[in-house]
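Heads up, the next two complexes both have chain A, just with different partners, chain B and then chain C.
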Partner chain A sequence: MAAARRMIEPAPFYGELFARERARLPGHGRSELERVREEAFARFVALGLPTQKAEVWKYSPIARFANREMVVAEAAVPRLEDVSAWFGGGPATRRLIFANGHLVPALSHVGGLPEGVRVTGLVRAIEEWPEKVAEALAGCDPECSFTQLNTALARSGAWIEIADGVRLDEPLQLLFVHEGGESAAMTHPRILLRLGRGARLHLIETHAGTGDGHCFVNLVCQMALAPEAELTLDRLELGAAGTTLLSRTLVELAAGARIRQTAVALGGGFLRNETEVRLGGRGGEAILNGLCMPRGEEHADTLVRIHHEAEDCHSDQFFKGVVEDRARAVFAGKIIVHRGAQKTNAYQANDNLLLSDRAEVDSKPELEIYADDVKCSHGATCGDLDEGALFYLRARGLPREVAASLLVYAFANEVIERMADERLRALTRRAVLDRVPGGAALEAEGLL
Partner chain B sequence: MLRIEGLRVAVEGKRILDGVDLEIAAGETHAVMGPNGSGKSTLAHVLAGREGYEVEDGRITFMGEDLLAMEPEERAAAGLFLAMQYPVEIPGVSNMYFLRQAINAVRKARGEPEIAAGAFMKMLREKAKLVGVPEELLRRDLNTDFSGGEKKRNEILQLAMLEPRLAILDETDSGLDIDALKAVAGAVNGLRTPERAFLVITHYQRLLEYIVPDRVHVMVRGRIRRSGGRELALELEQRGYEQFAAEAA
Partner chain C sequence: MSSTIETLKEHTTGEYKYGFMTAVDEETTPPGLDEEVIRRISARKEEPEWLTEWRLSAYRRWLSMEEPDWQKVTYPPIDYQAISYFAAPRQKERPKSLDDIDPEIRRTYEKLGIPIREQEILAGVAVDYVFDSVSVATTFKNKLAELGIIFCSISEAVRDHPDLVRKYLGSVVPPGDNFFAALNSAVFSDGSFVYVPKGVRCPMELSTYFRINAAGTGQFERTLIIADEGSYVSYLEGCTAPMRDENQLHAAVVELIALDDAEIKYSTVQNWYPGDKEGKGGIYNFVTKRGICRGRRSKISWTQVETGSAITWKYPSCILQGEDSVGEFYSVALTNNFQQADTGTKMIHIGRRTRSRIVAKGIAAGRSDSTYRGLVRIMPGATGARNHTQCDSLLIGDRCGAHTVPYIEVKNRSAKVEHEATTSKISEDQLFYCRSRGFSEEDAVALVVNGFCREVMEELPMEFAVEARKLLGISLEGSVG
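On to the complex of A and B.
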């Protein structure tokens, strides 16, 4: 089989780990879930880990990060003041807080939600309705080895379910703090989200890397939206140098359902953000915005797959990258218009600022169209800061570095302003100013 | 205040300015007129320090300092201001925020304290009123989706806020209808003081009916071919640039 040549076998360490850990995993002893985990692990071994010969991993040497000795991350108990800096939303915002992949009940608060809204940690969900969890995990994403690994080893995460017609106005936040350890510590959180017909949710997902240690986070989010449901998802990743974060978000949209996602990656040694959306019913809409700003030796990789499977759907991708030093940004976005998906509108833009001679951007927009009545477009740009704009600002007295930073901020802000949550926007803008060399000289007030 | 001597400038090996001499004293308003491609805008850019110009010969002193040795931001701090022909749009940065950053950057470079928020707002309101910039324009993103007239007026507002010693207006009249032109010229006239000098660069005599210069210089093919009083502008209006082109040839 051709695919087999493109994969390397997972280190024996994974087999030993699974054999050792399975008895400690939530749902152990529940025959259906156990079977799903075993199958997933077998599938993971069969698929192996992708090498750079696999097209979607061409620019990202994931095996280097994933195929090595790791420990299972130990639970950590952060204090409120360790995590509150990353709070989004407002005073009534409910949160699930995870430290090293484990839910921290003492800091999490999801009580008092309206009827029809069910938000709970994965462990509790497995205790209460194991069959439903097993059903959600079974057979999910069979071609992705990291999803299989997650299914086999997931020991925490969230179950979010909103009944038909229920609209949650306050945002809900999932806050992950990744401490890292001396040896690389791995976690496999799993988020399962279901929105009923006409339901509405604003979800905030934040990742913060702390400390100098290494961690490997293999996150999978499975989201299913019933007809006319609406999901707004704001995601902010503030990883540390030792953070390896794989985030795979799978979204299924029924007729008239809509997702609006804005994902900003502002740090992390190795970040891979995958979003795969299926527009399965007429009139669905997927708006995906993204920004990454790798610097130093960081690597930020974005993969988007949009499947237009039904008529009259709309998708719009707006992704930007700012790449400094020896960092690398990768963008691969594909729009697949399936046969019969007439009246499709699908757009994609990927604009990059390359701020150093040693930085690299790899941008690969792709269209695959099997219908004839569609409107699709894509475009990618990569360039330096505009010399005319730089001169304009300097001629008004701003030193070069400050002027350049203001232009980078303005470039990045076109994505940030699409985040729905005001507090997260401010947090993100502050993080951008912290990342640009002249940011300290720019007054934050007036920009945040 | 400003002295240009024997300035020769090339762009990508092609000589654009071919020996420019010009002297401007405090309180004076000079106009440089010339046909397209004569080198007027190059002169403005070289004075403000834009990259991409090779100064082959000559010198420029501004307030006794060697201007060519200074970075654009240092020139701004020294009191030189260029109102641009094509102001740049910067979405995501409000006009007001930008003005405050610019003022504080200049103050910092001069070793002065930053302007307090209240004092800044008071000054901004006054100057905006003076140059006819509506409040709404202050809150919008810098030059973004401004009309041609709004952009030019906003340049004059920046001029008013930064209070330079020498203000260069690079084709500020281009793209303006007569009403906008009158308004911008009126704003500029309101900023004329005995200490402040202006260098007005224009293709047409029309602007000089409203901003009346002390001296007019005709630039053709990279050199000032004749200087005189404002009557020189009127002569140009009647006879055109051709006579000078013939003299230059």
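On to the complex of A and C.
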């Protein structure tokens, strides 16, 4: 009975929507894909939508957003000048650009990649190797209803595969533009990424929200790294007020594989970023950095799960939040050291600046440990700006607002500087300055 | 230092020492729970009508409630109809003086190392002895009465001080607070009651010693402590139970109320029977403890050393309502063999400039699981509130688990909240250092563990600190090598 209240039944429109949409999905009629989708949808209905009684959704009322009547987003064709502002990387950077979850081939450019690198939209991947796609989707993340919904309804996304030993030096960007419409429109993009033994990739993922309406994005990224592979992932989320973005990243690391992810959430009515990493082989490493700066009525929720399943792995979480107005920042990070994962070294930090009396910070840094020869620790803090530091700056002539903005900027910059891509760092800093009240003055005074 | 080691050595050779059973004629209600049983308990205790109704309404609430399942422990479903809710040594009436106590019961406490008489004369600690469902003796009552301090069993308090009981009972832990609190409110049998009047500093430690003796019963005691303006009291709680293959339920409720400038220090050394090495038997210790700092500048401090029980589910909490009030929680939870402990605290900051400090040390050995679960909540009005939390876990062996589940909720910008936690293995270097100086491996482990817990041990009153150190040694026994 207690379990029942943790999940509620999805609204009836989901059933109608699935019945209507399935014929429009890529690869329709292919039995292996049909079966995976049917099973996933049945699983989604069986699991239901989480309420706040579900522990991982304790602070985030997702059902309020996910259970309102929605339609599937229709394709849109933005102009180049509409999207170029969010370009990361350099001149040789390949990009897949998605508008409302649909790939825009006219703006995307993934040609001329070295041998052993396959980057393509999901539709094309389904055309070319449907069995492989069905296999990757089947049985993925069976306990997460949103992943199941994505599996059932994913209409586009990306297939990225890099062969053993191939290293792609230029970053690859996935750029999503989400346009809010009259009635809330949902999209379910799916990213499937595989890095071969010793392969290396720098991926940039950007989300930009436009328009005043609502949209609901349910993104799932499935990443598998073979031994010694290396993935750098920079993610920037610049949603609009009506953007509800659920992003779930599942990473499996084999022995000696490494991921370094830096995710910055700087806008969006409701942002939920989930990262679940499995360190399945000896010597793996996961470094996750994150920053969120909700303001107004925004809600930014970060969930991290790191599974140390093998010996001798290292993980480090560094997450920060700056919360203004009536906004809310939620952080729930968990390090799980499985039995036998000896010599684990894991650290987790969550620091928050609470800048308004009507804002709220909820932090839940957890450790779950079943091996003894480990070093695991975490720290979490929450407080206002340091009065001493403010005084120091004001004594040197800065108005209070500018001084406060400088301190916030410095606080945020500790995460931003961990982004690997220079252009994305610049974009992010720009967005931070736009968010702090004294940002313009800081720039004008040449204080940065 | 050397005395600590000797004490440890003395106690690392024995198993659970308190596992005997006393053959005493007891009156027990048949197993099962319904309104009739509650009426009977209430009638047996000659309670006023309002309390009977209070119990019944709690029972009706309980019927509609669900047993919590969020805690990180596993146990087979409890059959609440198989428990006998009242067990008392048969005696005509409560003994008038200590000499009238059933010699068997007196011997029980002697065997437990807390002889009723000597304790009164030598130790200078006032003790309320609770045997299964009833309080059998309270010492030093008269001396305390001279200062206006009321220290008696809660049954006596209901009879002699109904206004105080009625005013405060359930005011901190309302009957519908949670599943086990509701059950307790319906069937609570006895427990201690303390009232310290305005401006009085209680000159001695007050103590309750809980003993479960009868089989097939549960213990549901209720403790209520009220510290009036400017008063101070230090209260100790100890507990043991016989070794049995069955699991016995102990679902207590403790409520503390501190008014302006008052201070309550509550210390527990919990040593219920933990079950045997195979995880058979042991007490389910499902307890709700909560204090409210209602007055300005009041303070409530919880110190607990948890070594017993098969399963512990316990979160002694502080509601910091009065301005400048202070809440503290110091805890050592040691689990071995198949024990499971899910324990921690809640600090609810409501008043301005309220402060709280949490120090929790978890030690897991054998195949046990130890979880710290805590909440720090800063309400919008708690301007200038401050919290510091430190949780450390020590793992001994590779088959146990140690977990940390803190919740931090901040709704006031001026509040400063800090949390830190670590988990590590018992240091090889420290063990090697001790071993090279001639310590046996077990002594070395006990020494390191005692050092790890020192911050908490220092908070315990002296008599308890010694006992607690011994217990750590006993509980760790067999965890090395």
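One rule holds in what follows: the second predicted complex is superposed on the first by the 438 of 448 C-alpha atoms of A that agree within 3 Å, B and C clash if a C-alpha of one lies under 4 Å from a C-alpha of the other, contacts with A are read in each partner's own complex, and residues count from 1 in each chain.
Here, contacts are C-beta pairs under 8 Å (C-beta built on N, C-alpha and C of every residue); 3 or more make two chains touch, one makes a residue touch a chain.
Everything numeric in this text was worked out from a predicted model, so none of it was measured.
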{"item": "First (chain B), second (chain C), both or neither touched by A:372", "value": "second"}
{"item": "Touched partner set for A:69, first chain B, second chain C, both or neither", "value": "neither"}
{"item": "Contacts of A:407 with chain B and chain C, given as first, second, both or neither", "value": "first"}
{"item": "Chain touching more of chain A, residue-wise (chain B, chain C)", "value": "C"}
{"item": "Touched partner set for A:143, first chain B, second chain C, both or neither", "value": "neither"}
{"item": "Which of chain B and chain C A:115 touches, first, second, both or neither", "value": "neither"}
{"item": "Partner chain in contact with A:169 - chain B first, chain C second, else both or neither", "value": "neither"}
{"item": "List of chain C residues in touch with chain A within their complex", "value": "66, 68-70, 380, 393, 395-426"}
{"item": "Touch list for chain A against partner chain C, complex", "value": "1-3, 55, 339-340, 342, 352, 354-384"}
{"item": "Chain A residues touching chain B - in the complex, by the definition given at the top", "value": "386-389, 391-400, 402-403, 406-407, 409-411, 413-414, 417, 442-443, 446-447"}
{"item": "Chain B - residues contacting chain A, complex", "value": "48-52, 71-73, 75-77, 81-82, 84, 86-88, 90-94, 96-98, 100-106, 109, 158, 162"}
